[in-house]
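Okay, so subunit A shows up in both of these, paired with subunit B first and subunit C after.
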Partner chain A sequence: MTVAADALWWARARARGPLRVPAGTVAPEGLARLVEPDGRDVWILPVPPEQAGGGAIEEFGLSGTPPEQPNDTARLLAAVVRCCWTDPTAAIWPGADVPWDAVTSVFRHYADRDESAFLRAAVAAVRRLHGAGWVLWDERGRRVRLGPRVAGWSAADLTVLRELYRQMPGPREGRPRDQPQDRPRDQLLEPREGDAG
Partner chain B sequence: MNGVHPAFDAVLADLGDRHRDEVLAAFAAVEHAAQPVPEGSLAALRDATLRATLQRLLREVGRTLVQAGPHEWTSGYRDDVAAAVLATDGNPLPVADRAVLALVLVHSVAIPRSQGLLDRDAWTSAHPTPVEELQRFARLPREQLRAALARLRAAGLLQLVPERGRGAGQGSAYLPGPQLHRLTPAARRRLQEELVLAAAPDTPLAAAVRARRPQDRQEGHRTGE
Partner chain C sequence: MSAPTHLALDGLAAQAGTLRIFRQVFAVLAREAGAMIGDLDHLDTDEAILAAFAGAGTDGLTLEQVAAACRPADERLVARRFELLRSYGAITRVVDRPHERYHRAAFAPYVMLLFLRRMAAQGGQSELHQLLTLEGIGIRSPEAAAPDARASLRRLVTVFRLMANQLSGMASTSPVEELRENAELLWGNRQLIQQAQDVHAVVLARWPDLDRECTALRTALGAYGDASDAAAARLIEQAGATRALGLLPVETWRTFARTADVDQLAAVLDGLLFDAPAPWFSPQAIGAALASSEQAAPVRTPPPRPVTGTDGTDPADADRRDGDDAPDLRTLVAGLLAGRDEITLDDLMGTGDGWPAGRRLLARLTAAHHHPDVEAELVWGDGLQVDPDAPVPWVSEGVLRAGPRSAPPPAPDGGSAR
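After this line comes the complex of A and B, so read on.
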């Protein structure tokens, strides 16, 4: 007998992170489908009921695997949200495709230190976020987008995030570009790391 | 994002609200907690009937309950699903990462186990692998080794030994990470066999491993869904 299709999709997404597949791919009900702005690909993303998600375990005194440099990682994600979520009344994903310099101009407000240490911290943080699917980072093209994982944030999370968004300074330079499909697909690196367990 | 959850609804439909919440809480705990969860803390781990429902729910999404110790639970990939994921997508770890992980497992688990210092079946360990050991045997450029270690730490497959545990003047050192708790009994056995094949391919033990492999595959087909 073969493995059920649903079980295989859930497990693949756990192992790899969100899966980018051609738009015609049939995925089971119960997994979110996020269409890329160019319409050619979709991301397949498991979204369990909120009570079964990672955010639910703190109340039992448990913790997930913390990211390295959690403060820098969270601040850089906040900077990407601030730059890419150009209309906070709209859905957070896909958002805009913005220059890396715009993101670092926001990150600098929260991580002001000498230039080389600042850039090292920013690159290390965006690499971690890209690896986990929170951010899509085109290193060579120096562009950043929000990753598909942010589409799993609940309405309650987004309400809190909107408040924080309004308190954050905007990017100093670089105008967002709303059409990431202008670029060749292979410049958008895909997340590499998932949960190995 | 809200949504339809057929996999969850199918298993939980017959439960009352309280039991449903308890099973979902236990699902979140075993799936997302970094470490195994003591069963005393959650009703659906303590109670055998609810635990069976949790197991059915995990199976729907390709997972299974794993007992990590007495009264401690976590989850892992079902053996048949892990094989299907590998067949579909290949190994998610780059070869350099696998080499580094294997070195830590040899140093921190296989060698202490051969000396009788570790339980035969455990893949976690308190015997650190110094980073110099990895630099010496992995034969990777320093930057590549650094990147591999970062990815393995992020995946929970390795953990850095806290500085206070290493003694003054010692360099950094690594231990197998908490994800190793998620290996099923069959996965633990396969890992043991792979290390035997890699470290001592010409021994009678390795010959015995190779001889039983085809039989394993048949068993896998029989137990798969």
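After this line comes the complex of A and C, so read on.
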């Protein structure tokens, strides 16, 4: 692998975010390889050293790339982590593939608004997260997974996340009580929720 | 002088550019140096004066009427311009006699004004086109002779030479801002050159002996093309760094945006690298976002408990069931009674291995006694049995009895196992 090819990989990763490539692709050093659950594809993700990672921007008091609606977006990411991180004692990637309704049931705890505003906020947040690679969202299939960027969280970050995970309500408890029309669908999803979490 | 100006710096610069064009145009007419107008307000006033005359009809206007018609403008300024226009003959008396107060205006100054404005706005492009068209018509007419063609060629050579000189001078030495102000000289230069080449071809075909003049025109055109290329290259180079979108007229941009295909539009951003959207979510920020959310109800933190209830039952039900030990107690009582109706406490305590077991057994029996669903009771007597060799040396007299409890509960203060 030549210097030019290395630079090309880094430029690609910078311009397009995490890259999904076939498993046999050779990538340079310094780029983390995250294997898809089916083993056929690999995500290429630049993982800088901890003191130069994404958290460094905050330490320097800079604003970084602020997402729109940062609070809602962060809450939805937390909901996805809560639903998809099957075993909080283990690594966070790849996590489970959970129904979208499970995620919204957790998100509802933190964004209790009227139904249309709630759904709009949830979809907007998950689209932003999907665009930035934090979450993989199958819009048509209504499934959500953790995105490759979560592998950028350091061990210390994961400790904080485990604490958050413990404090957050699970998807099952988040079933909307005051909406009977949602109940049959939730009950249909229960076996899958049980599988996932 | 004029009213205090409210223009910002760039507005003044635009005015200065317009005035410069006017000054250049009028240079051939000026009677003496330094007699040119110094403010665009003067031109506006002139225009207003001429417009007032246009609306007045054949009777003409007095100075006072003109001043009233140009009302927002300064009266003294109007008077001064009026006198100036009259001194140049742009305004004349209706009847040429002393103390005549009514005046009328000629039309030529207004046409000149229109021409000047367009010249300043478009750099004389359309005038050049018209000039070229007229030259083309002139040399094509049957009456045209060789001297006409020669004169026509000389005019064209002069025009293009002057333009080329100005452009190449600006392209090489002037600051880029000046070049940008004169960028309209560059617009449509291909069409100009094309038109001039048409004229050139016609002349060369009709009067082959004018080849020297034709050569001069060719070189002038070449010089103009080179100069405009150099100037455009410098402008584009600067524009790449400054994103000066004002270099081209707005309509040119619109035309490009409407007619370009996807590749052309994308080529605008060639050489630029855009970062992927990469907001960073630190767990601390996520925690803060969660803490700041307006929650429907306070979420209790459930204590960690072993994973049970995977059969899908409500954890609350599981709690209640776990707490309900009636079947457990029934089994215990049935095991102890083993079919009998009652058994003394002394017998029960004798089977254990001392105080701890006795205490546990007594606690469960008491629970069974008090449980509404367990049909067993403890009945206490008054005596105290002492047997130093037994595992539990002192035992109150008591009986564990099956069946529903008798109505008055016996006094429980008969002593515990202690």
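Heads up, the rule we're going with is that the second predicted complex is superposed on the first by the 169 of 197 C-alpha atoms of A that agree within 3 Å, B and C clash if a C-alpha of one lies under 4 Å from a C-alpha of the other, contacts with A are read in each partner's own complex, and residues count from 1 in each chain.
By our rule, contacts are C-beta pairs under 8 Å (C-beta built on N, C-alpha and C of every residue); 3 or more make two chains touch, one makes a residue touch a chain.
Fair warning: this is a prediction, and the values are worked out from it, not measured in the lab.
Contact with both subunit B and subunit C is seen for A:54 once the two complexes are overlaid on the shared chain.
Touch criterion met: A:64 reaches subunit B and subunit C at once. When the two structures are aligned on the shared chain, A:161 is found in touch with subunit C, with no touch to subunit B. Legend: residue contacts after superposition of the two complexes on their common chain; A:4 is shown touching subunit B, with no touch to subunit C. Of the two partner chains, neither subunit B nor subunit C is touched by A:42.
By the touch criterion defined above, A:153 lies against subunit B and subunit C together after alignment on the C-alpha atoms of chain A.
Looking at the shared chain after the overlay, A:134 reaches subunit C, while subunit B stays out of its contact range. With both structures placed on the common chain, the touch criterion links A:27 to neither subunit B nor subunit C. Legend: residue contacts after superposition of the two complexes on their common chain; A:75 is shown touching subunit C, with no touch to subunit B.
Residue overlap on subunit A between its contacts with subunit B in one complex and with subunit C in the other: 11, 14-16, 53-54, 57, 64-67, 128, 131-132, 153, 194. Within the complex, the subunit A residues that touch subunit C are 11, 14-17, 53-55, 57-58, 64-67, 70-75, 77-78, 81, 108-112, 128, 131-134, 149, 153, 157-158, 160-161, 163-164, 166-169, 190, 194. Listed in rising order, the residues of subunit A touching subunit B in the complex are 1-4, 6-8, 10-12, 14-16, 28-30, 32, 46-49, 51-54, 56-57, 60-68, 128, 131-132, 151-155, 192-197. Listing the residues of subunit B that touch subunit A in their complex gives 1-8, 21, 24-25, 27-29, 31-35, 37, 41-42, 59-63, 74-78, 80-82, 84-85, 88-89, 92-93, 150-151, 153-157, 178-179, 181-182, 221, 224-225. Those residues of subunit C whose C-beta lies close enough to touch subunit A in the complex are 273-290, 292-296, 299, 301, 304, 310, 312.
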